[in-house]
Every structure is written in C-alpha cells, then in structure tokens.
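Below is a structure I'd like to ask you about.
Just so it is clear, A, B, C and D label the chains in written order, and each chain counts residues from 1 on its own.
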Amino acid sequence: MNFDPRFSGRKFASVGTRPIRPDGVDKVTGRARYGADFNMAGQLVGRVLRSPHAHAIIRKIDTSKAEALSGVKAVITAADLPDLTDGDAAMYDILDNCMARTKALYDGHAVAAVAAIDARTARQALKLIEVDYEVLPHVTDVDEAMAHHAPLINDTIFTEGLEQKPAKASNVTKRSQFGHGDVHQGFGAADFIVERSFKTEQTHQGYIEPHACVANVSTDGTADLWVCTQGHFVYRQHCAQLLGMEASKLRVTSSEIGGGFGGKTHVWAEPVALALSRKAGRPVKLVMTRDEVFRASGPTSATSIDVKIGARKDGTITAAEATLRYSAGPYAGSWAEIGAMTAFACYKLDNVKTVGYEVLVNRPKTAAYRAPSAPMAAFAVESAVDELAKEIGIDPVEFRIRNAAQEGTRSSYGPVYGPIGIGPTLEAVKNHAHMKAPLKANQGRGMACGFWFNFGGQTCVDLNIGMDGSVSLAVGTVDVGGSRASLSLVAAEELGIDYTQLKAVVADTSSLGYNDMTDGSRGTFSSSMATISAARNAIKILRERAAQMWDISVDDVVWEQGHAVAKGEKHGNLGKLSLKEIAAKSGTTGGPIAGHSELVADGAGVSFATHICDVEVDPETGSTRVIRYTVVQDAGKAVHPTYVEGQYQGGAAQGIGWALNEEYIYGKDGRLQNAGFLDYRIPVCSDLPMIDTQILEIPNPNHPYGVRGVGETSIVPPLAAIANAVSNAAGVRMTHIPMSPPRILAAIEAEREG
Amino acid sequence: MAGVAVSTTINGDAVEYLCQPDEPLLDVLRDRLGLTGAKEGCGTGDCGACSIILDDRLVCSCLVLGAEAEGRRIETVEGMAHGDRLHPLQQKFLEHAALQCGICTPGFLIAAKDLLAKNPDPTEEEIRFGLAGNLCRCTGYDKIVRAVQDAAIVMKGA
Amino acid sequence: MRYIRPLSIEDAVGQLAGSAGPAAILAGGSDLLVRMKGGFVEPELIIDIKGITGLSEIRATADGFSIGAAVPCAVLGENAALKKAWPGVVEAAKLIGSKQVQGRCTIVGNLCNASPAADSVPALVAAGARAVVVGPSGKRTIAVETVPTAPGRTSLAKGEIIEAILLGSQAPRSADAYLRFIPRTEMDIAVVSAGVNLTLDEAGVVTAARVAIGAAAPTVLLVEEAAEALIGRKLDEAALERLAKICSGACRPIDDKRGTIEFRRKVAGVLARRAAQTAYARAGGK
Amino acid sequence: MVEVTLWGALSQVAGGNSKVEVEAKDIRELFRKLAEQYPGLEPWIDRGIAVAIDGTIYRDTWSKELPPGAEIFLLPRLAGG
C-alpha cells in the first residue's frame, strides 16, 4: 500500500475543532462498561492469595482444605501455570510475577488463587490455603540493593553491559551508557560546576479503576477475555503464550478503561483468571482490591541519581554527566536506560555522559508510568540546571534558552534532532504572563523542561461505510482519554464529511489485525495515521463507484469535500455525488464500501514541554500549596485541542502529586505500609489550582497532519518545576522527592541551624 | 447467614431486594440490581467513585450496608437524566471534556449535583472543597471545576 | 451474621450485652465497614442504632447541647446554635473524611474508634465534653478523654453504648478552635492536631483554658501545663511561645507513614499556638 | 555503505566498536549484516532495536531505506506509559 506519511501542511475543516466525544453520553449516564461492569452467566468469583513476606522461599503450598470447602470450584498455584515461555526471559518474568514459582519476591506477590461461587467463599478459601515460607532477608531501597552486603534477589543474574563479565551475581541487572564528547575535558573548561545527588521515591499510576477481568475458557480450547487494558492484542499474545493457547482462539475485548497511565500495559491477573476458568470449567471474574492494586501492580521506579553540570561564565554548558540508579522490582528492566537517554535530551551539549544501573529490589515489578523514567531524570537534571543558572547569575529561562537543543543538534542519546519544540516552549514561557505574576511572602516560582520520545507501532483500522452513508470506524488502540473523538475527526477530515456522520469503536482482537498497545503516546499518532490511510483507501473505492455510476473513467473522478466530482470539461454537467449517494447504490456497484489499513506507524516526533509553577510554603509546617501552574508543550498538531489540554493538565497533576506527597512507604519488615488512597496521597480537587495550558504546534514531518503524540511529556517537567519553586520559596535546595511536609520542614530547620 | 429483605426507592422507583447483612450497598446496586454506574475504586470511602445520594445526603455507597437502605431514598447516576434529556451537569461535563477515562465521572456528577442543590452559586474554592472526596487521576480537575461552574450558571437560569 | 435495627436504647444494650459472638454498633459505618472490608473485624451481630428515637438529634438542653450518637457530622455543621457556641468542635467534626463520609460519620463513632488521630476528639476534650454511657447496669456520664484508653481500645464495658455527647453552654467571652495538620487539603488523617478552648475576662486576660493535642500519643493529650501557661495572661508572644514549647514537649509521638516524631513534635506546638490565637480572637480578645 | 553508531552496551558486543560500517540499503539488511559481522548482536536484535535515521526513530519498519550519507543510530527499544 502506497501510503505517504509525510506532513502535507493541509488546511483543516474538522481537525482542530472540539466536538463532544462519541463515548461521552454513555460515560455521563453510567452506562459505559468498565472492567468490573461485565458479568457472565454462571460466573465464579476469583481471588488471589498474596505473600505477606518481601522475600521468601515457598517450600510448600497445601490447598487441600481450600479445595474441600463447599462452593470452591478451583484452586490454582504455579503448578497450574506451567512454564511455556521457551527461554523467553521477559515472558518468564511476567509468568513468575503472575504466580510466584519458587520464591515470593515482594509483599503482595501472588502465590495461589481460588475460584468460588461467591466472594465470601473465595475469601474463606484463601484463609484455608497453607503456605510454608522460608523467610529470606530482603532489600527494598535502591542504593542498599547495590551495596556489596545486600541480600541477593536472583543469584542467576550477572550485570550485563560491563566490559568484563562479572564473577559474582548481583542485584544490578544491567549497566547502560550514553553520550558523546569528553566530559572530563568539558568540566576542565567550566567556570562553574554544580554536583548533587537526588532521590525519588516509588509512585503508582494511581488509576481509579482496579484491574478487572472476566475469563471464560471453553472445553474446546477457545476462550473469551473481557478486560480493562491499554492493549488487548498484547494481552492476548501474553495470555495465549502463558496458557499454551493459539492466539486466534482467545478473543480479548477491551472494556472501557478507567485509567492506565502505563499500569495496564502488561498482564497480572488475566492469566490467573483464565487458568482458574480452565480448571473450574466456568467463567471467572477477577477484580483486584485497591490494596492489591498498590501491593502487586503498577509502580514506577524509585531512583537515586547523581548529576554534575559545568558551564562557562557566559552561560554555555561545557559538560554534563549523570549516574542513574532505578529500581526495577525483582525482575530485570530497562528503566535506568530510559532515564539515561532522556536526562539531558533538552540540551545542546558537546560533552555528555550518562550511566544507568537497573537494580533489583523486593518491591512489585516496575511497570511503565507515563513517560517512564523521564520525570526522575528531569528532576535531577533540571534542579541542577536551575542551581547552576543561579550560581552563574543568569535567569534560569535565559540559561536554558542559551543551551537548548535545536534542529541539527546531536541529542544526548545519540541521533541528531529534526525540527523540535524545546526552544519555542522556552520562548513561550519567557513571554508568558505567568512569569510576571506577583509573588507574596513565602511564595516561590520554578520552571523546568521535559522531553519524551513518543512511539508509533503496529496499527490497524477498518473504516466501513454503511448504505445510509454513515461511517463506522473500528480501531485497535484502546481509547484511554478521548481518542475515539480525535480519530473520528481525522476520518471526517479525510472523507470530507461531518463528524456526526461517524461512529468510532474499539474493536476486539478477533475483529481486527494486531495492534500494539496504547502506550508511548502513540494512540492518536498511530491510529490517526492508519485512519488516514484507511479513509484514503475508502475514497479510492468511492471514486471507482462514482465512476461506475456516471459511467466514466475513475481517473476523471476526484474527491472533494465529501463528494465525488467529475473533473474535466466533458463531465461538466455531471454535478457531484455525495458519499451518501454513492453508498446508497453500493449494493449494485460492487458491494460494501470499506477502507482498511494495516501499517507500522513509525517516525513519531519527539516532544518537549516547559512548565512554570508557583508555590507557597508554610515555613513552620513545611506544607506546600501549588498556587499557579502553566504548561507549555509542543503537540505537533492538536487534533482535538480540548483533550490535548486535558492530557497536559492530567500529566501536570500527576507530577504535582509525585513531587509533593505520593510515595510507597515500606516498613522494616519489607511490607508496604500505605496500600490505599488514604495514605497514598494523590492530589484531590482542593489541592490544585486551575492548570493553564498553551499548545504549540511544530509539525512532525513524519505524520500527514504533523501529529506528534501528547500523552506523556506533561508528567516530565513537574517534579523539577515544583522542586525549583519550593527551593526558591523555602530558601533551601530540595533533593528528595516527594517533598513531603516533614522533608521540607527538616530541610528548612537544617538550613536555619546552618 | 440470613438474608435481609429490603424495600427501598431507587431513582424514584420502588425496589425490593434480598442482601447479606454485611453486604455494602454498592455491591447490592452493582451485583444484584445491575446499576453499575456507581464504581468501586477503593471500597474504603477514599475515592468517591461510588457516590450516591441517600435521603438527600451525599454518601459513599461502599460505606453503607444494603440492609440500611430499608425505607429510604437512593439517587444514583442512572437517575440523573430525564428520558433523553441530560441533566445540565451531564451536558456540561460533555461540553467541557470534564472526563477522560470516565471512571470517576458518575461519582463526580452525583457529588456535584448534591453540591449545587445545597449551594447553587459556589465559588471555585467551594467547588474544589466540595468535590475533594472524589478522586480523578486523569484531568487535574481543571475541566471538572469549569463544567460545574458552567452548570451552576445554567441551573440558576432554569 | 445478623443485622438488627433496634428501636430503643434498652433493646440495643440488651442485644449487645447478650450477644455471644463479636457484635458491632453501626452508626455511620465509616470505620466499621472499612474494617469489615479489610477483614480486621468479623462481627456476628451488627446493631444499627439509627432507628433509636432521639439518637439522630441534636438537642438544646438547659446546660448546653446533647448530640445523639447517630447524628452525622454534616448535621453538626448545619446547626447554627451549635456552630455559634462551639465552632472548634464543629470544625473538627467537619474535618473528618470527605463530604461523603461527613454524611455518615458521627463524633461518637470517631471517639469509640479510639484512633489517636481522631479529629473530633481533641476538640471535644478541649471543650470539656462528656459522654452519656448506657449499659446493662444503667446510665453514667463520663469525661470524653476517659473513653479511649489505647489505640483501638475504650473504657466501655461489654454491653455499653455511648448514647450522646454533652457539651456545656459556653460562658461569655469564651470560644474554642481546632486545627490539624494534613499533607493534602482534604481526605487525610491528622498527622498531629490541637484543640484549644479559652475563656477571657473583660480585659482580654485568659481566665480558663483547656488545650488538647491529638495524634501525638497513644491517646489524646489534655495538656494542663499548657492551659496554665495561658491562664492569667493575655495571649502575648511570650505566652504563645511558652504554649508551643509545652505542647511540643508534651508529645510522645511515633514515626509512621504519616509523619516523623520530630515533625509531630514541632508542628504540635505550631498548631496549638495558631488554634489559641483563633480561639482568643473568637472569644473577643484583641 | 552506511556508518552505524551503536550505543554503549551494543558496542561492547560488537568488539568495542562504537561505529561500524555496513553495506545495507534498508533496516532489514542492516540487521542481517550486523548479525553476520557481529554474532554477539543477534540476541539484541531479536529483543528489538530501534533505528534512528537522520534523527527519526524507527522501531518496526524493516523496509525503511537508509539513504546514502544518512546518520544511522541504533537505540534500545523503549517502553512507554
């Protein structure tokens, strides 16, 4: 298929408008069905038994008493999910995370599961399962896990990426390095150097909807799975592989999803529910409790980062270096690697070096969280950049403008940039009214920049034109925040019809080809590309049908504003045929009219944002209130600007929570202390001000409309922006996220005492 | 365990059900009555996704027993629209894109309805504190607050 | 498991006293249902007291107010007379949980849950509130601060129910105030808190005072030394400083997920000072 | 012939070279030739490598042509939220 993805600079009729989303009415009337809103006849209730220990050998599991309980229909352990991963280490980790095999690796690790006729029976059955644990020493802190004396979590792991293969097993699974130039020389040329260490605590995506699914395995080897997920095709692949099924025989339907933010990108409970259903011979509904969501799903890395940046008196950065240590949970990951790639991506640097270490700890398996790994790196780097600007005596915005990357700059992670938006976001911030708003006593202003790659990936779209001329759009990327609206706009744009003539749905895995998940800010970028391609394919058929109806050559038919138009003098009297008119005759002109697209949407454009934040700090209690907040971000092209603003605001709010109060708190026993929304404190409505947004549009050359992807970048700058604001308000540099009141007060007191 | 027979009124309709003595009203609504508009985000009263109005009081239905509903009046999100006419709050939530994933939306609508019933002309601060019991992880609350402000204007004019 | 809804306090007491297995009183349910959900309690009998005549009312009495055990905290805020007389108690009650929780939770439940961090308790203690206890052997009235004895434990005997909380009528030129510290603006449990009740003479000199600190020890602290530091003085800087110091010193806090020992100690003093200033201003002091 | 820059960990399995020269017209051929020249790279390629061509990152398009003189950068394949 000859689809040209290049940016065309067209004028838009639909794209850029703000209609009501197609799934909106269902969502405001309570009719939309989420993961837990689906039921099947005869369904059982599934529940999971979880390890109370952070690290323990599972000597024996006795399920006999649970099995004997009336109403219990199936009990499973790792033995019911045998290892079929065939040397695929990443899949093995997912399997082991779904159901611990020989060791429980964190508080909350699944060790067994039951399916029973009701929740009460299932709960009772869990209590009857006897697990014989041999408790092992554990480690939950990222720095402690790297120490020589630390308990070893997996003795088969030897650090990858070292020049020589290490002789000893280690909790460090991988070292990665990026950069160019000579940092030693660069620091030699610096007049000022800032060098600091930073820590960030582990946070959770905090989606309001717990993981939920209904699994139904039939005796003929086919199965259905209803689930809230960011990628039902990926879930199908994983579940099929782990259960030894053929992918095509497992139909996965994605429910409406109540938030994911990266946390619903890999399976947890779904293979367990399928295994329970297979064993019980009945459908099984498995819904995590909030406590389970925190203990066993989700979290992002905790980090420990050292940064060193040098600059000349004139404000030119001469060298930048960072060492980043990211916790991965008990399984190998590549989180520090991403941190190492993104850390200095905003700047034009001749000498830069970043080193990342992936660190195993006895905490839940780290999952992606919105621009995974980038916010922590940005916190460390942007804090140091701010401090350096202050030391040199340059305005922090000016300092960043002077050193900002631009088209042609070699990025800190390697390639040379095309057209990018960091400079324009900084210029917009410099001129923003927020920068001139007056500050009162105990208030401070901070700003910071952020970068994210954005992804593309495998994508399918079916566009079917009904005989009445209405259009249904079936997409394979889960709609996490309004993409059915934006994709409908794109289809309307291409077809030249009204937005209301379209209805977009997310198709199940049996109705459409494979799609990567909605991650990496790819939903609108990728599926809009496939939608454009599908629409153009449909238009080709529409033109053929019009040509047939007119009995002229298709080469003489063009598509303009939703109509086939016969071009050329000789057809001047033919008028035009609307999509509706062509569709009405489709039954006799060749059958249904549709456009399909299966493609790899590659070439996603990197995106940048700069945030400004004002805070007020109570110097007697360390309490911080965000009083003003502004997001400036490059969208490439905002297809539905209201939902783009929503992504900017949402990312900022999550970043504010992370910066100020959210953290996993572990006890000395290695158990999570705050597995609930009461003490895992995400921002509430009264914590936040209005979040002002400014959308910049620097087109991505690799998308017909210039779309870049907008979902993730907005969470990258807030940690640093708020840290800079708090540091300015409190008069002391904050280096530990979250900046909870006790940490701020302790820092103020320490500064006061000198 | 003996079931408890309950006669109550839900969205204006007389409803009878049998529930377990320890069964939260939320489970009754969702699992027994098919009213899945109220969501369980936490089950402990910390997220507000299961908000309903019980005898003119905003409550979390996860913190009410089904047995307690005897003889009382329950309003859920399913009862907000009149036929095909959306409640002004529902309409404004759509217009302002005050939802992204939408899981918290039913709870917010119910809480906002209660708020405006008691305070038809709230300030931004009153809206923010009035809705502090409802968590939203997607929007940063900005568009939710604006939708409620706008709905308040419409409702005063009505 | 059974759920009952007695119509008289005598019946409730009888059922509670006669229950063979664990029984639980249900008023607002905002603590009980959470504990049941978490599997921390599994009562065999749930006694819903909201059907009992008078328990859902706030009554003006000859010496003040009687707040029934089933009155939701939201209703306290809607009672103009109570709010005028005891603004500190009302603001404390109105800080418990969300609006949703407000519609259910009660100050008696807050007291009997016996959490060191209960919001309404320091305010009630500062206000000198008393609890009316009904049990198999009759009725007694006790000081609120004697109810919680340790985290999660109370001095109530088997079969005893707190029927109401009594608040006196405020003397002229008296007022109370309550402040707590939470990391967010809403929805949190107090990290530390302070309730202050002051009576002034015409010259603005404190003649009576009660100061209570919450979340700083296993049970609420009635800090008599802090009260003494205020009595006989106007609320000058020196008095406030001394108050803060005494309150910080009186704390016996722990390090936990909500705060550190150092933080609680320091902020207890800050809050006591700020609450005292508010109470003083409310009482007409300048 | 295109010059390909490897990131740190890759260069170690490619005999310590951070830049290698490969005769390849598209990404498919690039991966095949790289695996032939440096067998240590094969497992990395199997796990997934992204290719930046003049600054644009391609994760999946094997058919993408490598224009002569283009800047080719290999990068780890990333996870997103």
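Operating definition for what follows: contacts are C-beta pairs under 8 Å (C-beta built on N, C-alpha and C of every residue); 3 or more make two chains touch, one makes a residue touch a chain.
Treat the numbers as computed from the prediction; the structure is a model and nothing was measured.
A.B. asks: With contacts defined as at the top, give the pair, A-D or A-C, that has more of them.
C.D. replies: Higher contact count goes to A-D.
A.B. asks: Counting only Cα atoms for the centres, state how far subunit B is from subunit D in Å.
C.D. replies: About 54 Å separates the centre of subunit B from that of subunit D.
A.B. asks: Distance between subunit A and subunit D based on Cα centroids, please, to the nearest Å.
C.D. replies: The mean C-alpha positions of subunit A and subunit D differ by 25 Å.
A.B. asks: How many Å are there between the centre of subunit A and the centre of subunit C, using C-alpha atoms for each centre?
C.D. replies: 44
A.B. asks: For subunit B and subunit C, let me know how many angstrom lie between their CA-based centres, rounded off.
C.D. replies: 29
A.B. asks: Multi-chain contacts in subunit A: which residues touch at least two other chains?
C.D. replies: Residue numbers touching two or more other chains: 205, 261, 677-678, 683-684, 686.
A.B. asks: In subunit D, what residues contact two or more other chains?
C.D. replies: none
A.B. asks: Going by the contact rule already set, what residues in subunit C reach two or more other chains?
C.D. replies: Residue numbers touching two or more other chains: 38, 185-187.
A.B. asks: Taking the touch definition from the header, please name the shape of the chain graph: line, ring, star, complete or other.
C.D. replies: Other.
A.B. asks: Would you please name all pairs of chains that touch?
C.D. replies: According to the stated criterion, the contacting chain pairs are A-B, A-C, A-D, B-C.
A.B. asks: So in the complex, which bits of subunit C are touching subunit A?
C.D. replies: It is residues 38-39, 181, 183-189, 191, 256-260, 262-263, 266-267, 270 of subunit C that touch subunit A.
A.B. asks: Give every residue of subunit A touching subunit C within the complex, in rising order.
C.D. replies: 123, 291, 620-623, 625, 660-661, 665, 673-674, 677-679, 681, 683-684, 686-687, 740-742, 745-746, 749
A.B. asks: Please name which positions on subunit A make contact with subunit D in the complex.
C.D. replies: 90, 160-161, 163, 174-178, 205, 261-262, 265, 334, 337-338, 341, 368-372, 411, 413-418, 453-458, 519-522, 600, 602-604, 606, 701-702, 711-712
A.B. asks: Where on subunit B does subunit C make contact in their complex?
C.D. replies: 1-2, 4, 20-22, 24, 43-46, 48, 51, 54, 57-60, 62-65, 67-68, 70, 111, 114-115, 129-130, 132-134
A.B. asks: Help me check something: in the complex, which residues belonging to subunit B touch subunit A?
C.D. replies: 20, 30-31, 35-44, 46-47, 49, 76-78, 80-81, 86, 90, 93-97, 99-106, 109, 124-125, 127-129, 131-146
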